[in-house]
Amino acid sequence: MTDPFNPYLPEVATILETVQETHNIKTFRVRFDDEAKMAAFKFEPGQVGQLSAPGIGESTFVINSPPTRMDYLQFSVMRAGEVTTMLHGLNAGDKVGVRAPLGNCFPYEAMKGKNIVFVGGGIGMAPLRTLFLYMLDNRADYGDITLLYGARSPADMAFSAELPEWTSRADVNTTLTIDREADGWAHKVGLIPNVLLELAPKPENTVAVTCGPPIMIKFTLEALKKLGFEDDQIVTTLEKRMKCGIGICGRCNIGSSYVCVDGPVYTYAQLKALPNEL
Amino acid sequence: MRIGVFICHCGSNIEGTVDTATVAKASLDFPEVVYATDTMYACSEPGQDGIIQAIKDKNLTGVVVASCTPRMHEPTFRRAVERAGLNRYMFEMANIREHVSWIGKDREANTNKSVDLVRIAIEKLRRDAPLSPSKFSINKRVMVIGGGVAGIQAALDCADGGLQVVLVERESSIGGKMAKLDKTFPTVDCSSCILGPKMVDVAQHENITLHAYSEVDAIGGYVGNFQVQVKKKATYVDWTLCTGCGACMEKCPSKKNPDRFNEKIGPCTSINIPFPQAIPKKAVIDPTTCRQFVKGKCGVCAKVCPTGAIKYDMADEIVTEDVGAIVAATGYDLFDISKVTEYGGGRYPDVITGLQYERLLSASGPTGGHIKRPSDGKEPKNVVFIQCVGSRDKSLDRPYCSGFCCMYTAKQAILTKDHIPDSQSYVFYMDIRSPGKMYDEFTRRAMEEYGARYIRGRVAMVYPKDGKMIVRGADTLAGTQVEVEADLVVLAAGAEAAVGAPKLAEKLRISYDKYGFFMESHPKLKPVETNTAGVYLAGSCQGPKDIPQSVGQGSAAAAKVLALFSKDMLESDPQISRVDIKRCVGCGKCIITCPFKAIKEVEFRGQKKAEVIETVCQGCGLCTSTCPQGAIQLSHFTDNQILAEVNALCQS
Amino acid sequence: MAAVKYIASDKLPDWLKSLAAKSRVLVPVAEGGGVVFRPYAPGCRPVFDSDATAPPKGAVFPACQELFRYEQGKDPEDPGKPTLKLIASTEAEPTVVFGAKPCGARGFLIFDRVYIGKKFPDPYYIAAREATVFVTMACAAANVENTCFCHWVGSGPADGSGSDVLLTPVAGGYTAEAVTDKGAALLEDPALADGAAKADEAAAVKAAAREVLGEAPDIAASPAALLAAFDDADFWRDQSDKCVSCGACTYLCPTCYCFTITDEPKGMSGRRMRSWDACMHFQFTLEASGHNPRPTKAHRLKNRVGHKFSYYPTLHDGLVACCGCGRCIKSCPVSVDIREIVQNAVARAKG
Amino acid sequence: MSRLEELKTRIKEALPGLECVIGWQKGYDPLHNTPLFMRTDADVDKLEWGPLNVHNPAVYLPTFTGKKVGVVVKGCDSRSVVELLQENLINRDNVVIFGMPCTGVIDLSKVKARLAGAGVSAGTVTAVTDDGKTVSVTAGGQTTAMPLAEVRADKCGRCQFPNAVLADAYVGDPIAPAAPAAAADADLAALDAMSVPERMAFWRYHMERCIRCYACRNACPMCVCRDHCIAQSREPHWLTQDDTATEKLMFQVVHALHLAGRCTECGECQRACPMDIPVLALKKHLNRTIRDLFDYQAGVDPQAIPPLLQFKLEEDNIKERSW
Amino acid sequence: MPVLTGKELRIVGFLCNWCSYGGADTAGVGRFGQPTDLRIIRVPCSGRIDPLFIAKTLINGADGVLVSGCHPRDCHYAEGNFYARRRLEVLKRFLPILGIDPGRFDYTWVSASEGQRWQKVVTVFTEQIHALGPAPRFDAVSADMLAKAAAGALGQGGNRVAA
């Protein structure tokens, strides 16, 4: 084919496996049908992809498997609107379209040698997962790694299959928390920002990476500030309604910054410089 | 979604005119269909097992069965897919029997049409979502409307089963038509002797509340939680004080009123207790004839009443009864014999209905059990019975058979002979319908032992001549004209729907047929259920029935109620409307139009929104077609589902 | 620049006919009470003396365009195994847009910087852009409308940038100047004569039109001024009060390039399409959760004006994302005037 | 002039208790007035009254949920206010209605056509005067006099409600309505005269140029779904984004049928259409149907229930077919 | 699958579940033969039928649409068909202004017991649609007609059809 690269044309991929993470989060593991393209595929932690099913439409999700593990690309979809509801109807063997990688990535190079604090809430854990696993796979490059992951209840906690490993590894410090007391819960109980203050990670030579629902982010930012983190030590990743994913269609901008190409990863310092329109 | 499609042969019912294998093959070309097959009888056990097995083997997440009408087997298949672990609402049916194979002979067209119907079922299924019912409590009280023998039986069975029963009777006493009968066929035992004890049981049962002389005014709510407004019509007698002593009746100066209990062949007083065994045995004043009301002065009864029960200023009263189920047992009325002018009913006093004849036969009737013809009180010698008056007669818009007239006519012929040994009965009949236990034997006895002359043929006319009624008709077996000089002519008037039955049906939200009889849910398999959950039928309100059938249905309805109430919580049908609160603009158009008041206005973050009351919503979807922005959607019949069906058939 | 050519009005149909023989030719024609671009057919009477109601945007950027078709299938051995084929075509039909005002063509300069970006050049746009030639018609003084403000945005009624050929109405016909090589090729047509003699007249027509427009206010401060006003809710309430949030301004704008992408299935196949979208619509930024970063018309109008006069120029060397055609003002059902909003923002910043 | 001044005084009196008062002011050129949102006395001084007040300010009322606002209305605008009240979309306590007798507004399309006939562009208008009978428009250096009766909106020619049907402050004496129009409006009459297939061609031709901007919808005071309109939703998914006359017509059908029994025929849909598509004819036709079937017109009685949200057991004018 | 060319036309039915769908079942049980064109979409109540479904179906190219519900006063949901009657009548009168022959749409009432009536309705309606022939399509209006529209020359043929 001599056609120029068509950024709108997805790669056809097959769902290898799905995991019903919670009542409204379903994980899809997909592989391009074109093995050569799969082998050549490169992305960086934090980058997103447009996952689509024919006739249903596209939606943007972070590739939450790390670039160090390329057996498949993993997307975790929370059922919210029409497209995500339809995507939830897909099963192993079904065909999807993937346009990836899109957007920027976490500053994982710049983070080398630093301590990392991950603060994830609910589905917000998905984008953190890719960086977290990437760092585990390159463990020597980073300092202390702390993970604080919270959800409303144990049933709302995605990636439950991996949690035993994350909590038992000696080289990371993982804390799980839920909002309210529940039977059989052996971990923390409390809202993420409060637990974060309890954990009180030191800001020195540390980067905090956080993602979660808006209200959680608001209070997590306050907690991080209280703990002494500067704006440029806090990294987050945004969600916006996107269509093209390549900076053209015009809806995901915050002022002159297009989340689909300039983001979704921003430091808090960068965000503060943008108009206030989240 | 992974869809499996099953095309049923229904033996040769479908396969005879539809190529099911082709339909199955074509189904595979539709989106998300991963498995399609034809099957001999989808509804049979092996058929259902096949579906269950396929769900498991092929990891199906949705199923389409193309077979008979969903009104027949949708529940069957829903249960089947549920047994296989799917949500029961991930299922759709295509009706390729009633709507295809049975109405068209062209195999190609039928096959093509079946494919279309399967396709729209698939497109609908693709947009189905799993639904789960929510539970709500039930009020374990039952209302029985109508205190005839069917209603009495239903009430007693329910009450004996431990339920609180509210029995509503239009007349001032329960008993219905059976209370008016002298004897019953084929045993010829005394009607009031067998009904009386049941009536007394009703009166004495601690679980039964009886509202006599009352009518259902309005019905709200839904299965498990109906609110019924009962209008207690003014009796002008305080029944808490009335002892039924009858002193008022003795003194009442207005004595010449037509007695409704006696089918107007005898007089009664304006203040009246209809018959000695009445339950409740309480007096009622008829204000249309009572002098106190008509002329404004009298007051005799008030003076004589030993308990001071007379209350001329009484007004109708509405009481609200909360019940969880309703049994309609409103019975039937008789065909108006005056409509058959050639027989002279209504014009000649000696042409009477069978039920009037019962009153003449009855010891508690106006003649004390002596047969005296109405015109001159003479004992008749020749009695002519004419059957099928207002039955099996298309010209009268009464094409149906009333069922019990053949039998009671035979009974009356026998009783006539018993009462007047030198009498002669003649019975003009079309066919003898006597398919019951001991029934045919009974009619034979009338002919053979009691000498009733059965003449097969229609009567052309009845006219008076010299104090006799001349009955002229044909004997079709002999091929001759016959003429009988009768002293009394008894017309076996057919049964028709009770007066006001359609109105009650509308209140109950149940269907009725063109004659006013209530529609059962299924003529064979659900004879006492209706299409409205929690409403059941007993007795002749559903169609003419004799006593054993009525009693049987009364018990059957009671059994249904007891089964319904055997659970503590009912599950609501989850196919109800749901509001997308993000899209609702709070205009309230759905609230105005909802026939069930199932939508209320709520405040959500300072904005008006609509909210569906789950247990009240009946799933009609009127709100969905009323809401301009489609913010309220009827689950399982969403706009997108219907649009997908439309697009499957024609897409621009 | 190549020599000026001339074509007499009565020769115009010949030229159009010869152009139409080679490619699709879109000309402004009256339809109902509006003027729209439609394929030229002999006998059709193009409207050149007023600007078309709708610009020729659709020639390069159709209101709705198929990105690709898909065909779903099933493994014949195992119908449970789906197959999926995507079929895309970026081919564009050779087109001459004839008789648009220069501003209508100039709008694509704003498109170009977005659609012909370095990282993700848009193949559909590029193909259509390359296949399209713009023969525009400079405005005469009588054509300059109250809503025209091309001179505010660094342009003018005879600004040929974005055009391939610029026509200028003169007595008896039109002068034609090639602006690009593509345009020069079009002028190689026997219907056209040498126009050197008309050059001065054409220059005078252009100057007269420019004269009517008068002085443009200085809006150089608008990028900063609009950003400064970002959080001033009352300001934006006042600017947007009368806006009814329809899409007339954006859909008629020669520079508005936003789109949405939707899938339309039909059985086992379907299309993914992109179609014009308007930032003035609530749904434009509505997220699945129900959250909307631009929930009110004030937010949305702020973004529209901000995009054109602040964000875009910030990203693209000060180029304002507006060609000054004035359609948004003229066609607005309630006469929202973008000039006024920009000026109000500038004035606000000055204090 | 004094009547307008009196109106301004009344508005200024009420203004302190109101979020704003909606009216009209001069627009970007002499031919165009534009809606005005008065929040200060200085704003009130900009208020205009006359045949250029073509907009229906009722369209803005539902956006002020929970706030008390004033609105200046022409008779026809007041019907929209009544309809909004009737449908529970605004609260009577939260709206103060100011009215004045109206003698009609112009139809800009007619003026444009007139000017085009005179060889000048409506975009070059430099002055407009009106003496109550004639509108004089100066453009391209020449002045064209147009009798108001010829360039006014169709609705004004047969207006039965020149005074607000509901007002809290009414300035001036109510005037008599126009004589009821004997014939249908020209647009409807033209459609009536067509055969059914011709009508299909008519709509196909006109819908072709629709740009799907939804100005017709957003200018409609009764289109209260607006942000949630089914035209742009996928759930439900009534329309595709295809640029076809069929989809565009389908939207007009949606709009018209959603307005059946609710439309006050203010004509904003057609006036707002930048492509000048005669979409009002559909609503006029429906209103005629509603009048024939249910003897009803919208926006007259705040207590009425729109005819399609109610029923009669026996319908007076619906004759069902027998089979 | 497309309609059987030359044999069938595309006729879509919207039937309420309780009465008319049952009536169609009753017709089936009674083996009351009918033309095969009709495709039935089952809805709970005629009140569920948004007139827009019918408009959409016709604009999408259906040759006929038939709606049937419970007889007035017989609605399973008490009132649905009363609303339907008003809305459907309005639609029927609206269709011709769009350029759709009103004969392509009919609504009626058939009860669950009226199998024979259903047979008659389907037969008569199908004949009616066949008499009208395949529906003209919006996307296939002739160039000639469009030219007439552009010239403002419609409606001068004198073949006025009552609105």
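We just call them A, B, C, D and E in the order they show up, numbering each chain from 1.
Going forward, a contact is a pair of C-beta atoms (placed from the backbone, for glycine too) under 8 Å apart; a residue touches a chain by one contact, two chains touch by 3 or more.
Everything quoted here is computed from the prediction, not taken from an experiment.
Participant: For chain C and chain E, what is the smallest step count along a path of chains that touch one another?
Facilitator: 2
Participant: Show me the overlap between the contact partners of chain D and those of chain E.
Facilitator: Chains touching both chain D and chain E: B.
Participant: Taking each chain's centre as the mean of its C-alpha atoms, which one ends up farthest from the centre of chain B?
Facilitator: Taking each chain's C-alpha mean as its centre, the farthest from chain B is C.
Participant: Taking contacts as defined above, which has more of them, B-D or B-C?
Facilitator: Pair with the higher count of C-beta contacts: B-D.
Participant: Mind having a look at which chain is the central one, using mean CA positions?
Facilitator: Central chain: E.
Participant: So, what's the distance in Å between the C-alpha centres of chain C and chain A?
Facilitator: That gives a centre separation of 38 Å.
Participant: Distance from the CA centroid of chain C to that of chain D, rounded to the nearest Å?
Facilitator: Chain centres of chain C and chain D, defined by C-alpha means, are spaced 30 Å apart.
Participant: Centre to centre, by mean C-alpha position, how many angstrom separate chain A and chain E?
Facilitator: 52
Participant: Spell out, as numbers or ranges, the residues of chain C touching 2 or more other chains.
Facilitator: Residues 31, 72, 80, 260, 262, 264-265.
Participant: If I count partner chains per residue in chain A, which residues reach a count of at least 2?
Facilitator: Those would be 55, 57, 81-82.
Participant: Show the residues in chain E shared as contacts by 2 or more other chains, in ascending order.
Facilitator: Touching at least two other chains: 51, 56, 59, 73, 79, 83, 87, 138-139, 150.
Participant: Okay, in this complex, where on chain C does chain D touch?
Facilitator: 31-34, 36, 49-50, 53-54, 62-64, 142-148, 238, 241-242, 244-248, 250-252, 260, 262, 264, 273, 275-276, 278, 281-283, 327, 329-331, 333-337, 339-340
Participant: What does chain B use to touch chain C in their complex?
Facilitator: Spelled out, the residues of chain B in touch with chain C are 2, 28-31, 33-36, 58-59, 582, 647-648, 651.
Participant: What residues of chain D sit close enough to touch chain B in their complex?
Facilitator: For this pair, the touching residues of chain D are 65-66, 87-89, 224-225, 228-230, 233, 235-238, 244, 246-247, 258, 305, 309-310.
Participant: So in the complex, the part of chain C that touches chain A is made up of which residues?
Facilitator: The touching residues are 67-68, 70, 72, 80-86, 88, 90, 114-115, 117, 119-124, 126, 227, 230-231, 257-265, 270, 272, 274, 277, 279, 284-289, 291, 293-294, 299, 303, 306-307, 310-312, 314-315.
Participant: Considering only the defined contacts, which chain C positions touch chain B in the complex?
Facilitator: The contact residues of chain C facing chain B are 72, 74, 79-80, 265-268, 290.
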